[in-house]
Each structure stands twice: as structure tokens, then as C-alpha cells.
Amino acid sequence: MPRANKSAKAAGKDESVLRAIKGEKAVFKPAAKTALDKSPAKPIPFKPGSAVADDAPIISLNLEPAKLSPAMAAYFKKCQDKLGFVPNVLVAYAFDMTKLEAFVAMYNDLMLGESGLSKLEREMIAVTVSSQNRCYYCLTAHGAAVRQYSGNPLLGEHLVMNYRVARLNKRQRTMLDFAVKLTTSPWDVEEGDRERLRRVGFTDRDIWDISAVAGFFNMSNRVASATDMRPNTVYHGQAR
Amino acid sequence: MPRANKSAKAAGKDESVLRAIKGEKAVFKPAAKTALDKSPAKPIPFKPGSAVADDAPIISLNLEPAKLSPAMAAYFKKCQDKLGFVPNVLVAYAFDMTKLEAFVAMYNDLMLGESGLSKLEREMIAVTVSSQNRCYYCLTAHGAAVRQYSGNPLLGEHLVMNYRVARLNKRQRTMLDFAVKLTTSPWDVEEGDRERLRRVGFTDRDIWDISAVAGFFNMSNRVASATDMRPNTVYHGQAR
Amino acid sequence: MPRANKSAKAAGKDESVLRAIKGEKAVFKPAAKTALDKSPAKPIPFKPGSAVADDAPIISLNLEPAKLSPAMAAYFKKCQDKLGFVPNVLVAYAFDMTKLEAFVAMYNDLMLGESGLSKLEREMIAVTVSSQNRCYYCLTAHGAAVRQYSGNPLLGEHLVMNYRVARLNKRQRTMLDFAVKLTTSPWDVEEGDRERLRRVGFTDRDIWDISAVAGFFNMSNRVASATDMRPNTVYHGQAR
Amino acid sequence: MPRANKSAKAAGKDESVLRAIKGEKAVFKPAAKTALDKSPAKPIPFKPGSAVADDAPIISLNLEPAKLSPAMAAYFKKCQDKLGFVPNVLVAYAFDMTKLEAFVAMYNDLMLGESGLSKLEREMIAVTVSSQNRCYYCLTAHGAAVRQYSGNPLLGEHLVMNYRVARLNKRQRTMLDFAVKLTTSPWDVEEGDRERLRRVGFTDRDIWDISAVAGFFNMSNRVASATDMRPNTVYHGQAR
Amino acid sequence: MPRANKSAKAAGKDESVLRAIKGEKAVFKPAAKTALDKSPAKPIPFKPGSAVADDAPIISLNLEPAKLSPAMAAYFKKCQDKLGFVPNVLVAYAFDMTKLEAFVAMYNDLMLGESGLSKLEREMIAVTVSSQNRCYYCLTAHGAAVRQYSGNPLLGEHLVMNYRVARLNKRQRTMLDFAVKLTTSPWDVEEGDRERLRRVGFTDRDIWDISAVAGFFNMSNRVASATDMRPNTVYHGQAR
Amino acid sequence: MPRANKSAKAAGKDESVLRAIKGEKAVFKPAAKTALDKSPAKPIPFKPGSAVADDAPIISLNLEPAKLSPAMAAYFKKCQDKLGFVPNVLVAYAFDMTKLEAFVAMYNDLMLGESGLSKLEREMIAVTVSSQNRCYYCLTAHGAAVRQYSGNPLLGEHLVMNYRVARLNKRQRTMLDFAVKLTTSPWDVEEGDRERLRRVGFTDRDIWDISAVAGFFNMSNRVASATDMRPNTVYHGQAR
């Protein structure tokens, strides 16, 4: 039987997240079974970003939230201020500050730090890898990011569904082909594959970054699938 | 080099489709290369349903559109009136009236005719099968249908990404498990699989319908992938 | 436990089919368990085309046969006259005239209508696709067709077992390679694959036809597997 | 470019095989290109067992036939007398007497020696394994053997196409399920699989024999595929 | 053409690593082609831990080593003191202090921090996951760790080759089955899989840890394969 | 429940094997459960080659050892004298002299007879094939052989883990690529694959030998996996 990591409520007025941000231990109440669970075949009025939809458990493990460290409280607050919500993956990791901080450090360096890859390109890798692994959490959160960064909603849909239908230039297609091969048959990646990346202009440092981002989502996809992690509902409507 | 089945323009003012509906032979002009094709990495202002996006070729085969038969002209007109557009798959088949009529007859019977399966359930099978086959056209068009019929945008996303994350009742989960097995390893389907369907309440006639719908999308997914069929852009924004 | 679509008896004196052809509702009696089911390891005298072997249920779904429409009664009669039997797939669909007519219309256009592909080539695609999906019904019925159309029994066997061993010219090998890729990884078919077909002389219209036939058998294989459809025994001995 | 192990001609008057049987070194002439190779799409009059069809090279390696040892000459003669022909696999191995004798010794023990499995059951394993590996040679030669031993032509076809459609008793189905698992994912076979065999009555010695026969055809299938080994044409018409 | 991240020499007298530990920028000379590369088929005298073998490039990307941060210099020194060498993965990451520190933080928490899983169990997951992905670096380094922690060299070999042959208790077998499923088909992991872990005594926190370790090696395996990372030769001889 | 082919004890003083060599029927006592089976997670003092470790059953089938024929008694004695032990695979086959002799004849010809492939190359094929099939017995026994013949312990590890990381010359890489393709998709091997071997200098006779060795281990891997065959412990420490 699934147990619930009681979820944060919707963005803006989410008391438990805010309490967490202030460094208090969150007191979650058991999530009410949502209407969705009961009768999926019947139309259900759905308000994006509403409390109802986000009331579902974030993960299917029963982990007691920890007190946020000052650094993490500040980080959650920054998320709340800039995004209007704290991404559920952070709430999921917040049962243990060491794990949360290590995750945040690696994530921020890979996805937001200096790189020869644009942020959009890194998000494109994230979505393409997550599509191979059919990871609901990452496809939703990073699909939204691709739509936003590119200003092209179709690109987000293409990468979620089948990156081969996207109208990509040669550089990006080669980059995603590499990420997909590294995801599906890593044992088969050899010098020829690196050479293909070099031939379309990637430096060895870029190759590291492509590999590290593809690797990171092969990790995150599995943590999300293993725990049945659910994305914030707000992503679904973003940048359509 | 791809050649273009010159596409219909956007819904509402699409002259070529309208002309086709009137039974004239459409005169398509070569589609201008879209901005999307040139620089996918840069943000491109995107207006859903706008002429720019739909100006892409519908399929990558160069097939001369035929004169619509009276029945098909009426059907296209009905699509235009009720949906506001003619689904691209119909335009793609419109190079040959026999093929178009056979497709429409089979499609309408399977998806809209009498059945123990609700229309939503049939669309759920369509999307789940198309997700296994990673078919961009069908995921887009039928994903929108699931969102609309169910009134639940999340359900559409779940089935596109990984049907196992959807909150389904036992009947629907068993139905989709059968459709997926029939898609990925049809040789392995045996009496035990049919028995599982019967145990959750499906009649033998329902089992036929599940099989026929799953089979139909295994056909359509392949015709779409083989021809690089592109869905009408309008689907992307529907029922989010 | 399997339930039986009580089968038509052997060609020539099959009352129930004839009755159906006359537009009466067939009254099938439960099929007697055949000797085959009891002790397959012991030699069983086998008379091809005999009532015993065809007495097995055609499909493992219990569907009440419908009254044949005039068009379908005429079609069944034509089958009986020209082939000496009504193919079991038609009997299987005959529980619903709309479905039977849609199937027949699509089948006849694809396999017997105008095309740049010869009828043999279309049958070759049918068998090669069915071999990938290990579909007993289609391999048997269309394997016989390849043997007949080609006058080359070995070609039929090659395509059933492994199309790569057949002595094919470049055009036909490229055609079957495309059909196999479209069957096993449709998401991976791209412009390069279509170009390969064009380079061996196929027109865009031919490419549509190859795709449509391959798609059709990906549907039929699954309907047959889902229902445990059994071919008429008479096929086994044809054109050996 | 394929080179030819020049083949033995048709049964009954095959001089080169007979010469080999007498212990002389066969002098093969380069096989004439057969009509089959040139235009497979056109009907070719085909006489089973005729010289034309068997004139194709037996394997696509150019190996000089060796002088048959007395034991092997006697064995070939026995084949000729009892079967009316020498199976091509033996001709293929006849470039080296040590290899031929080792193959014959292992084959005869496994397929014809004492065992708790009937000869038919061993042939059923042979065909089912060969179907997984899509081995043309073994499917043809051992498919004929199943048809003959069982007196049931359909059983041979079932096992060639998809053993799951055969009407098998529990013992034989369990035996073939084991052989298929051992063929496709040997790393995954564990005590539970052996227990399943014991539960339907197989002794530990029987389990060895099932494994050894399945293993043997996993070897032979690969030698045949690696060398493009072609079966004697006569098999195709046997016991239909 | 591969370019070399010039490697650290053998343990104990490795100047470049030591220099790095002191915070100087290492000056690597291009690795001489080793004898191994030239004629692998001839016996080559091999001294484990010798400079020759470790002289190969650590990765096939040309990345300039950075100056070690004080924390990392201390960490490298600690490795040198306790292990007698700095693991190559750390040297590989040492071109960028942010990346190195994030990797070390996550690694040390997961593999050495508090957990309901023993350190051996975490290493067992590492090796089993790496075996699925056929990652040479991780199989070598963590195979040695399993041999050491368990005091059982066979267990290390079993997990490298096929974890199903290891004599595991039910808890550990269930744990590794979960890690393998999460590695090979993460989309298929559901509540039933978590329940199986709970039934053999794992807490929800343990399930997180199993998932996080399995996820981490799915990342590391891919970074290692993408860069052709080579383990320190010293691992091969440890704890045999 | 597993039953035990009671195993031979450790090399050097193994009474039962010696008795077998003398032609007596071995009297094996039921193997005591080893410490390994009880608590794998705790360090267990392990002495390579010690009686404890080899006391495990060689296979999980209960087969009565037969009296060794004079030829096989001599062969076992030769093994004992030259290797210091009788390989467990021979003990496993020793329940039936016909089978043992056929296996030995084929093995010795393939692995030790005249060939254009060096003995090392044949062992390299053995290990690479066994790695694809994850066969514990063969990886252990033939991994040791590669280490010994090559004088390069790393080569043995590379081939066990992922042959693509080995530093191979073009001839050997092409040879192993062929063996892997023949193992994983034998149906897909065609003239082009044989041509690739010819282009790096292999004769048609060499191609036969590569195929025969790869085929042989596809058989042996399956017999070993089907019976849970365990290698002599002594292999683990050899030539490290």
C-alpha cells in the first residue's frame, strides 16, 4: 500500500512549504484521496495550480521532513519568490539536509553553471533522456523548462514524445543522439561517438558536460520512478 | 531530401482545405521554410494556431491531392464546422479517395461507433499504444482528445509519458496493460491475457474492441512515422 | 478458459458458411475437442482440408455471427467460388457488418488495388511483417500467397523464417528492410529511410503503399494474436 | 562477395556425394547462378528435389572438401540409403574429419540416443529454439522432422512460426518455455525454472537432456547463420 | 582520435597527484603508448600497480587539471594516506573544483554516510548496477570494495558476472532485484516493487537509499563510459 | 529445491575425482551447506582452493556419476597431473560417458586443435561470448585462461566486463564484434559480416573457426546456466 510523503499545497499560499522555509518542521496532514483517484473515467473539473491537484503525495515513501538548514531555507524562499513555488523534487529530498544540499549543489552547477552548452541545450538533454526512461516527473518539469527557454512550445512536446521529430540543427541533433545512446546502451559508447561530437564543434569540456547532464538525469529519473515522485501541477500549464 | 505534401494553412481561413471541401483540386504553394527549422535554439515568438506553424508540410511525401468525393467533401466540411479545422491525417490521405474513405470508415466505426468501451477509453488506448510507438502525430491529436473527454489534463499527460503513473481503476489499468502487451509483444498474448480482461468485467465483444483499437493505432502510428506526419498545431493548446 | 467462435467446417461442404452467404444467421455447434489437443506427441493421421482439422474454433472469443449484408454475402460467395473457401479472418469479422465491410474495403484496396508495387511485393511485405510479429494466422495465409504469386515455394519459406536468407534483388530487399524497421522501431524511421527507398526506384506514392501495407499487417497481426485467430487448414498445403 | 562451398546436387544421382562416400576427394564445379538469384519476383517453375534448386552453394565459405574417413563414408552412405540424401550440414562439416566426427557423435547421442524425452520432443525443442534464433537451415530440416515424427504437419508449422499457438500438453509446453528462456535469457534461468520442469514430471536427467538439446541448437543455429548454410530442398516437401 | 587526460602514475610515488594534493597545477607529460596497445595477443609481463599500466590516460577527454581547492587537496591527501592512491575518478573530476566537490559530497553521503544499509550492501548495489551497464571503471573499483568488505572474493566475482549466481539471503536478493529493475526499466517500477522491499524488512528510508545508490551508479556508469574512464590498476589485485 | 551433484573437493587431494580417475564409481557425500550460503553480508575468511569453497555442488541436478571409461579416466588423470585439478565441467558431464566423450572431443578440437586462430584468440572469443550470456562458469574458467595465455590480467578483466574497453588490434576487435553479433542476433549475420572478417585477414577456414567457437560457447553457456554449474574455486586466483 502506498504511503504518502505528505505534499506541499499549491503555490503562493502553501503553508507547509513556507513553514519549512522558516526552518520549522512541517506538520503535514494526510492527503485526502483526490477525486482523480476515484473515477478517472469521468470528467473532473480541473483548476491548474489548485490545491486539489497538488494535494496528492509527492512521493510514495513515508519520510519525515527534516528542519531546513539555513542555506536550504534561503534556497526554498528564493524558489518561492522567483518561481512562485518550491519544486517538488526539493520537498522530496528535504527529509535529510545532507542529501538535499548535495543534490542542489550538483543540480545547480550542471544546469545553471558555466558551460559551453546553453541552458536550453542542457534542458533539451534532460527531457530527451527522461523520455527514454519515461520519467513523468522530469518530463513534466523539464518539458516546461524547454518550452520556456526556447519560446517554442512545440520543441518541448517533440522532445517529450520523440526527439527525432524536432527540427534540430546538426549540433543539437548530434548532442541528443549521444545522450540517447549513453542512456540506452552506455557500454557501447566509444571514441567514434566522441569524435562525432567534436566534428560538430563541441569541445572536450562540452563533451564532459553533455555526459554529466545525461548521467544526472539517468540518476534523477530513477530516483523519481523508484519513489513515484509527482511534479507540481503548475508545470503543466506553463509556456503552452 | 524531404519533399512536401503542401500543407493546409491554419484553421478558419484555410483556403486550400476549403477549396478541397468544395471538390476542387487544391493548389498548394511550396511551404516556406519556417523559422523553427533555422534556429531552434533561439526563442521564437509562437502563436498557437497561427499560419506560420501550420505552414510546415503535413507529410514528407510528395503526393498530389485528389479531388474530394462528395462524401469526403461533406465530411471535411463537417470537420471544419465542428472542430474548426480538418485533421491533418485526413488531408494526408486525401491523395486517393478510396484510401481516404476506407480509413474514415474504419476510424469512425472503431472510435465513435457502438461499443462497450466509452469513447474516452478508446482514446486512452490510442494514446497508450502511441506512447509505446512514440508516434508524434497520434500522441498530439489523441492526447488532446483524452484531455477533452476526461476533463482531466493530467490524464492526457500521464498516458503520453507513462501510463503507469495514471491513477486508473482496475478495469482501465487491465485494459491498458493488455493494449501495451499487444503492442510490444503480440506473439506473447494468450488465453490468460484474455481471461484477465474478462475478470475485470470485459465481455468478449469488448475484448475484440480493445484489440481492434490497439491494432488500429499500431497501423496508424506506423503510417504516421513512415511519412513524418505532423499534427495540426491547434491540438497543442486544447484542454490544457 | 477459451471460448469458441464456432468455426466454419472445411471448404466445399461448409454448411454454416454457405448459410451465412445466403444471409441466414449461422447456427454453430460447439466444436468437439480435436484429437490434436489431447496428445500432440503421438502421430495423428492428418487429412489436409478435412473437417477434423478445421473444426477448431476460428477465434477464442465467443461472438455471435451476424446476418451477412447483401454485399458481404456476395463477397463470401465469390470467395467460395474462386478460392473454394471463405478465409477465416472474414468469418471472424462477420459478427458485425460495419467492421467486416471496413476491413474488406481497406484490405482489397491495399492488397489488390492499383499500386506501383506488384501483388507479390505486397504479399512479401505482409509475410515479412508477420514474421517479425510471429503471427500464425497471417504467416500461414500470406505465406501461401507468396508461394502462389511467385511460383517459388522457397521464397515463401524464407520470408516466414528469416527474410534475410531470401535471394532478393536490391529493390525488394530495401523494401523489406524498411517494412521491418517500421515494424520493430517505427519511432526511428526518418528521411534517410525514405531516401533509401527512393534511391532504388520507389516513388513517393510507392513509399506510401509500402508503409500502408506494413502498417495494415501490424494491425491485423495484433487482432489475430489478440483473438487467437486460426487460418483455414487448406493454406498449409497450397503451392508447396 | 560470397564464395561457394560447392554443393552436392540433388538426392539419388548426386555424384559428388557418392564419390565422397567412396572416400574419393570430391571435385566440385562452381555452382551456376540459379534463376532464383536473378529475378525472385517472377514465377519460377520449381521442382522439389530437382538439381536446379540444390545447385546453390551449401555455405558461403570456400572450404575444400576433405577425404571422408571410413567411418564417415559409411555414415554418409547410410544417410543416402535411408534418407535418400546426405543432409547438407554434414556436407558442410566434411572439410575436416575431426570436426565432422565430433559433430556427428554429439548430434546422434543427443537426438537419437537414450533419453527420457521422445525423439519428437527433442525435435520440438530443436525447432522452437531455432525459431527464436530465426535459423533457416534448422527450421527447415527439423521442421520436417517434427512433421514426420508427429504425423501432424500443423505442429511443425506452429513451432516454426510461434510455439505458443501449438496445442501442447502441460509437459511439453513447460519444456518449450524452458528452452525458449534458456535461449533468450540464459542468465535468468534459476532453480525456480528447474522446479517447474520437475513439477510436470521431468527427472533431473531429463532436465539435462532438455538443456543439452536446447544448447546444441543454440550452437548449430549460429554455425548455420554464420556460414549461410542452406538446407536440402527436399525437406520443404516432406510430410506436408 | 582519443586525447588524453594524462594520468596519475602508480600509487606511492605518484608525483603529479602529490603535486595536485599540494595545490600546485599538475604538469602531465603525454602518456607513452603502452605495449598493451600494440600487440595484445602476445604475453606481456605485467606488474600490478606498476607505472607502465597506470600510465594510460585516465579518460579520453583532454581536460586541463585545475588547482585543487584546500578541501580537495586535503581529501586527496587522505586518500593517498589511507588507500595508498587517489581513485582515478577523483582525478578525472579534478579539472573543475565545483564539480569535484559536488561529486565527492554526494558520493560520501551515499556510500559512507548513515544508512539502514550496510556499506557492503551499498557496494553490492554499485556492482550489480554497473554490471547491467557493463561499466569497466565501476565494476573494477567497486568489485574490489565488495571483495574487501565481505571478505569473500567470490561474492565480488558473482556480482560482476551475474548477481543471480550469488548465494544471497532474501533481503539482499530482493534489494538487488529492485536495483536491477530500476536500472533496466525504471518506467516499470511501481508500488508492488516497493512493497516487496518492505516485506523483507526495508523501511521507506532504506528504499530511498537503495534507489539513490542505484540511481547514482546509473549516473556514474554513464560518465565513466562517456569518457572512457580507466580504474587504477591497483584495484585488480585487491582482496583476491 | 536444489539437489546436489555432489562436488569434487579441492585440487590435489580430491579423493572422489581420483577414485573416478581410477574407474571406480565415486561415492559422494551430501555437501555441507557452506558458510557463504548462510550470511553473505558478513566477512568470511576465504582460502582460495580450500575444501570449504569447493564443497558446494557443481551443478543443481542430482545425477549419479558413472564409471569413467578408460579413455576418460586417463583424461581426468592428465588434467589432475597437468592442471592440478579436474575442471568441474568434466565432472558435471561424467554421469554419462557418451556425452562426456563427445563434449571432450569437440572441445579439444575447437580450443586446442589446429587453427588459424591462436589459442588465446579462441579463449578471447569464449570469454566475450560468455560475457554476453553472463555465464558464471565460463567467464571464470576462460577468463583465467585469457589471463594466462596473454600474460595480461587486464585483458581477462576487460573481456569479462566489456570487451569494448580492451586495447585490441583491428583483427581481434573485428573477430570479437563478429562473435558478439553472432551471439546476440544470429539471424542478422550476413555476407557483409563475413566480408569484414576477410578484410582484416581472416581466411574462410578462420571464419568457420570463429563461428564454431562462438557457437560452442553459446551451447556451453546455456548448459552451465541451465544446471547452475559452478567453476573450480582455484580459477579465481590464477594469473592475477
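A, B, C, D, E and F are the chain letters, set down in written order, and residue numbers restart from 1 in every chain.
Assume contacts are C-beta pairs under 8 Å (C-beta built on N, C-alpha and C of every residue); 3 or more make two chains touch, one makes a residue touch a chain.
Bear in mind the structure is a predicted one, so any value in this text is a computation, not a measurement.
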- request: Hop across touching chains from chain A and tell me the fewest hops that reach chain D.
  value: 2
- prompt: If we look at chain B and chain E, which chains touch each of them?
  reply: A, D
Query: By mean C-alpha coordinates, which chain is most distant from chain E?
result: C
- request: Please compute the C-alpha centroid of chain D, do the same for chain E, then give the distance between them in whole Å.
  value: 47
- line: Expressed in whole Å, how far the mean CA point of chain B lies from that of chain F is 54
Distance between chain centroids, defined by C-alpha means - chain B, chain C (Å): 26
- prompt: Going by the touch rule set out above, which residues of chain F reach two or more other chains?
  reply: 134-135, 162, 187, 190, 228
Field: All touching chain pairs, where touch follows the definition stated at the start
entry: A-B, A-C, A-E, A-F, B-C, B-D, B-E, C-D, C-F, D-E, D-F, E-F
- request: Flag every residue of chain A that touches chain B in the complex, lowest number first.
  value: 34, 36-37, 39-46, 48, 53, 118, 120-121, 134-136, 139-140, 149-155, 157-158, 160-162, 165-169, 172, 228, 233, 236-237, 240
Task: Please give the residue numbers of chain A that touch chain C in the complex, ascending.
output: 162, 164
- prompt: Which part of chain B faces chain C closely enough to touch in the complex?
  reply: 1-3, 60-63, 95, 98-99, 101-103, 105-106, 109, 113, 133-135, 178, 182-183, 186-187, 189-191, 194-195, 204-205, 207-208, 210-212, 214-216, 218-223, 225-228
- prompt: Which positions of chain F touch chain C when the two form their complex?
  reply: 187-188, 190
